Amino acid sequence: MKEVKEKARELMQGFCRVCKVCDGRACVGEVPGMGGLGTAASFKNNISALASVKLNMRLLHGVTEPDTSCSVLGYDLAMPVMAAPIGGVSFNMGGKVGEEDYIDAVVSGSKACGVIGCTGDGVPPFIHEAGYAAIVKNGGLGIPFIKPWEGGELDEKLEKARATGCAAFGMDVDAAGLVTLRQMGRPVSPKTPAELEKIVSKVHGWDAKFILKGIMTPDEALLAAEVGADAIVVSNHGGRVLDHTPGTAEVLPAIAEAVSGKLAILVDGGIRDGADVLKMVALGADAVMIGRPVSVAAVGGLQEGVETYFNTLKGQLVQAMILTGSQTVKDLTSRVIHRG
Amino acid sequence: MKEVKEKARELMQGFCRVCKVCDGRACVGEVPGMGGLGTAASFKNNISALASVKLNMRLLHGVTEPDTSCSVLGYDLAMPVMAAPIGGVSFNMGGKVGEEDYIDAVVSGSKACGVIGCTGDGVPPFIHEAGYAAIVKNGGLGIPFIKPWEGGELDEKLEKARATGCAAFGMDVDAAGLVTLRQMGRPVSPKTPAELEKIVSKVHGWDAKFILKGIMTPDEALLAAEVGADAIVVSNHGGRVLDHTPGTAEVLPAIAEAVSGKLAILVDGGIRDGADVLKMVALGADAVMIGRPVSVAAVGGLQEGVETYFNTLKGQLVQAMILTGSQTVKDLTSRVIHRG
Amino acid sequence: MKEVKEKARELMQGFCRVCKVCDGRACVGEVPGMGGLGTAASFKNNISALASVKLNMRLLHGVTEPDTSCSVLGYDLAMPVMAAPIGGVSFNMGGKVGEEDYIDAVVSGSKACGVIGCTGDGVPPFIHEAGYAAIVKNGGLGIPFIKPWEGGELDEKLEKARATGCAAFGMDVDAAGLVTLRQMGRPVSPKTPAELEKIVSKVHGWDAKFILKGIMTPDEALLAAEVGADAIVVSNHGGRVLDHTPGTAEVLPAIAEAVSGKLAILVDGGIRDGADVLKMVALGADAVMIGRPVSVAAVGGLQEGVETYFNTLKGQLVQAMILTGSQTVKDLTSRVIHRG
Amino acid sequence: MKEVKEKARELMQGFCRVCKVCDGRACVGEVPGMGGLGTAASFKNNISALASVKLNMRLLHGVTEPDTSCSVLGYDLAMPVMAAPIGGVSFNMGGKVGEEDYIDAVVSGSKACGVIGCTGDGVPPFIHEAGYAAIVKNGGLGIPFIKPWEGGELDEKLEKARATGCAAFGMDVDAAGLVTLRQMGRPVSPKTPAELEKIVSKVHGWDAKFILKGIMTPDEALLAAEVGADAIVVSNHGGRVLDHTPGTAEVLPAIAEAVSGKLAILVDGGIRDGADVLKMVALGADAVMIGRPVSVAAVGGLQEGVETYFNTLKGQLVQAMILTGSQTVKDLTSRVIHRG
């Protein structure tokens, strides 16, 4: 992993410092780039909210080979992890790796490790096209995410996503804050419940699941369930659309309490290692999405880099499960969390 | 905006570092200059009080083109924003830009962006004179603020302010801590309710509104209402007169609770971006005043710099309103604030 | 004051950095020297406890020329301030100024500013001798403090202190932690109530007041009152004898509640400016003692340096009283403190 | 001590910076090495949990020569302190000192100072062999700790430990997270209560006490008592096996409440000076174990270095006992701790 990070540090120069601890402090305001918007408070809150969660270490038990596998949205995963949908290598990551090579590394590397990769969207069109191609290449094992377009662009991208053979499809409605796109005549926007119902019904029409990314409050989580979404992603878009939001680990428990059992709960934001995965599941998530670390691994080592990252992560998760006495993912409940 | 800040950094050398994040840490104690007094605790408390307010991000709604306009003190503003009264370019900002050019940039730039600029006061007299001239040039669209002088100086400056044709007039009573002025035989001082009533009645005599700047407690906010003030500005003078006060965002909610509906509530202190504006309004302000960022913009780019800053700010406010599901300024209530 | 600090920075090289903000961070563990013991937690807690106290700024009143004077222990002081007893210039401050010149600057400078200077004690004997001489030179206007010696050394130093003509005499019982002195056959030690009663009765025998320095809990404050002490100094010895104590501003309110009216309450620890003086009085102190800043002023500018420091301090206190609407020292109550 | 640390800084280059304050910040993630795992949150939490405990300083009493001795697990100790079991000089500390010299310095130095040294375990075998040899050399005055092996390795090491003549034997079950050992075919693992009962019964069979290291929750402390352990060590393994655990000082009080009187309570984690020892005992520990500072002392000065460290520590403990008015170790109760 060390070599992968060193290579990434070289290739991402000027875009990401690949810091020892990735916490949003060095790259304040670097959007485009890999940083958080404005003062990067939302990015940093993701990190500090997770850091404030402490674990109960327990060793007097028989857990020696925990089972990290789980089933989410119909996918059988080797661990409760997905690669978050990120695109735009040229303007966010320095462009020393091609968009197609990048997203293929993410999707193929995820598949090789028994997890699933998501693909991103944006302008220019080769961002989503490269993602879709990677999903097709991997026999549909990948989840395309699109931005909350309006009108024809939405319909067209939905249709192309269907053609990838994917079993789930997502929209990161939190990207609606990108006023620039609207000014370019490429409007993205929040979605009303009525609009979402139509999209969900289309996606369900192809027998795929619908994932709504960008939920930060219990009321909108309930709305997502009401319009028929199969999953939400608790996310502040990595702190890149609205400064000053809480960290996702802070809002996750109340959201999980509100909609647990009604739909699958995914979460991203500041997840770096196996203990972070364990924490998020213990706080109420069915699985997590990992963004920046996967991007760094993909740029620094392509598919091999992604696999190295996920293998390291799985080792950390196994160790964290042993040290908290958790045999299966279902054992990751509030009992592993220390109440201060 | 980047160019404007770079130019300002060059011109303000020795007076303001134009930091990436303007938080009072680099310029501790630099009064004169742009810093906070003493340990700069009051300046830093402004920043940290605002930073501790977190926003509820919401995207499942139909807000795509929010309306940022509002009406305050009879002014119809494009957004709930004013330029705070700041003067003394030579001793606070390095003097590479003339006082007249500076304040004209602030007042004219504010008017061009549909907001309103305030002008400052001090010694020597060309500070307020330059401000008054800028207001006259802009057809009275500007608010003159004077220091809490005693005796003849007060009357004279009131009369000259009236002549500008302004529709509102303010006094920053918090400047009363400047013992130096008193020692120079130019006494400024706190004002008793009886003294304030006389001033208010004079200002009302010209059909103008009276704004009292420097309120930090609910009891003095109530006193301001009792003496007939039309607005208060919750302010610790940017942390430049008394070290160790709370941040304005910390005291604002209790003050708003005490006097909401009795007079207009303005607030300054640490407001940097559109999300900060949104926070202050959600905490109870009718509008905000912005100080240091406007000064930096005015020094770095004159009127164009000020306009660039306000346009950027408005874009941020629009984005923050979309991402919190707020169609109008009246929708900025406690529902946009996350309770931790 | 700037020149005085620059000179001090030069003369105290290797012993004190004369930092912009004197907060114990740069000099961690530097005892001897000017730092806090061990991790300097006690020194830093003094600073952070005071910093966490925030002030209510108020300007709608008639206070323009506040009266900073007060009467403590029979002394009429120009402000509620004393110079703390500090000695050992050679090993704590670099020795570029002689012990006699140093302590004379403190005592004479204090007297010139209408406050009172305390003198320190230690090994070698010229520390207390220089202090006693300075008090004699100032007509008894100075307070000698001695360490909690045992046996003959105690009696002898008491007798010599009496001869200075001082009206008050103090013991810093917190110095009892200095095991080194005990190992040198120069035992200092805690004092039992019975031992203290004897000392108090001796001091009262010369018609002088007795001050007990080093109280950090309400129970020992009550004990001090019971044995007849006329004043306590709430003090952790500047964080130099026991690491990890609370800051004095943190323990002061409970102590004041316990013994208010029974004896005079003095406090030291982290007081740097006029607002800090105001805070401590508002928290329950009758007067404060100031240590490091006076030492720096004395080394950097001798008597003139001390006077410059006290004059600056008084200006700050006046300003803080005006800005909190406090006409007299008696008005410094909990109403000036912001409850967060 | 200064010389010892300077020598250690030279010899441990690349492995430990021997910082002024040893708090886990400089060596984040350095495992092997002397750092904390991952983000070093567990290491840092040890430090911050102890730092948040503040002491009541009291001087009005007769404690001048406190008695630091205590009896724990049948050992009469000069103070409530042990050297924690640490091994692996070559890969953790730079290897400039041999494993045998190192552990002999720890065990012999501890004995010379009236405390007791523990020895560590690991791969290769000379780690525990060197430890056992040091214990034999010191007439059985040392406590061997082994990792939680399975099968034959466990039995063999138990038998060899018995042969050292030790009166107590320990297992650091928290080492079970070391997946690498398992992958090398050298499985370590958590222990079920049934497995522990067998080990305890064997150790009791040689008339020795059994110590279980790595307890972080009240429920597992109770389990330890139930299986017959004579002592637990509240420990997160210096933050080296699971990131994000609480600090041991944070969990100690609830654990002590649960099992006080049922077995002896030891604790390690961030203890640096005598006041830290006093704090841990006041929070409920019968004695503490000290890790990194002893290792630094052993590398920097061998047995003499260890003795210098323990003598300094004892001086600090004596001073802290005097300054909190504690005549004996039994007086170290909640009364010495300040409630903020």
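In this document, chain identifiers A, B, C and D correspond to the written order of the chains, with residue numbering beginning at 1 in each.
Just so it is clear, a contact is a pair of C-beta atoms (placed from the backbone, for glycine too) under 8 Å apart; a residue touches a chain by one contact, two chains touch by 3 or more.
Values in this document were obtained by computation on a predicted structure and should not be read as measured data.
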Practice problem: Over half of interface residue numbers shared between chain A and chain B means same, under half means different, so which is it? | Solution: different
Quiz item: Taking each chain's centre as its mean C-alpha position, how far apart are chain A and chain B in Å?
Solution: 41
Self-check item: chain B-chain D separation of Cα centroids, rounded to whole Å
Solution: 58
Self-check item: Multi-partner residues of chain D (at least 2 other chains)
Solution: none
Quiz item: Does the chain-touch network form a line, ring, star, complete graph or other?
Solution: ring
Self-check item: Interchain contacts (touch definition) - all pairs
Solution: A-B, A-D, B-C, C-D
Self-check item: Interfacial residue positions of chain B with respect to chain A in the complex
Solution: 20-21, 51, 53-64, 272-273, 275, 279, 315-316, 318-320, 322-325, 338, 340
Quiz item: Inside the complex, what are the residues of chain C that reach chain D?
Solution: 28-29, 38-39, 41, 45, 148, 173-174, 176-177, 179, 182, 187, 189-193, 196, 214-217, 219-220, 223-224, 227, 236, 241-246, 250-251
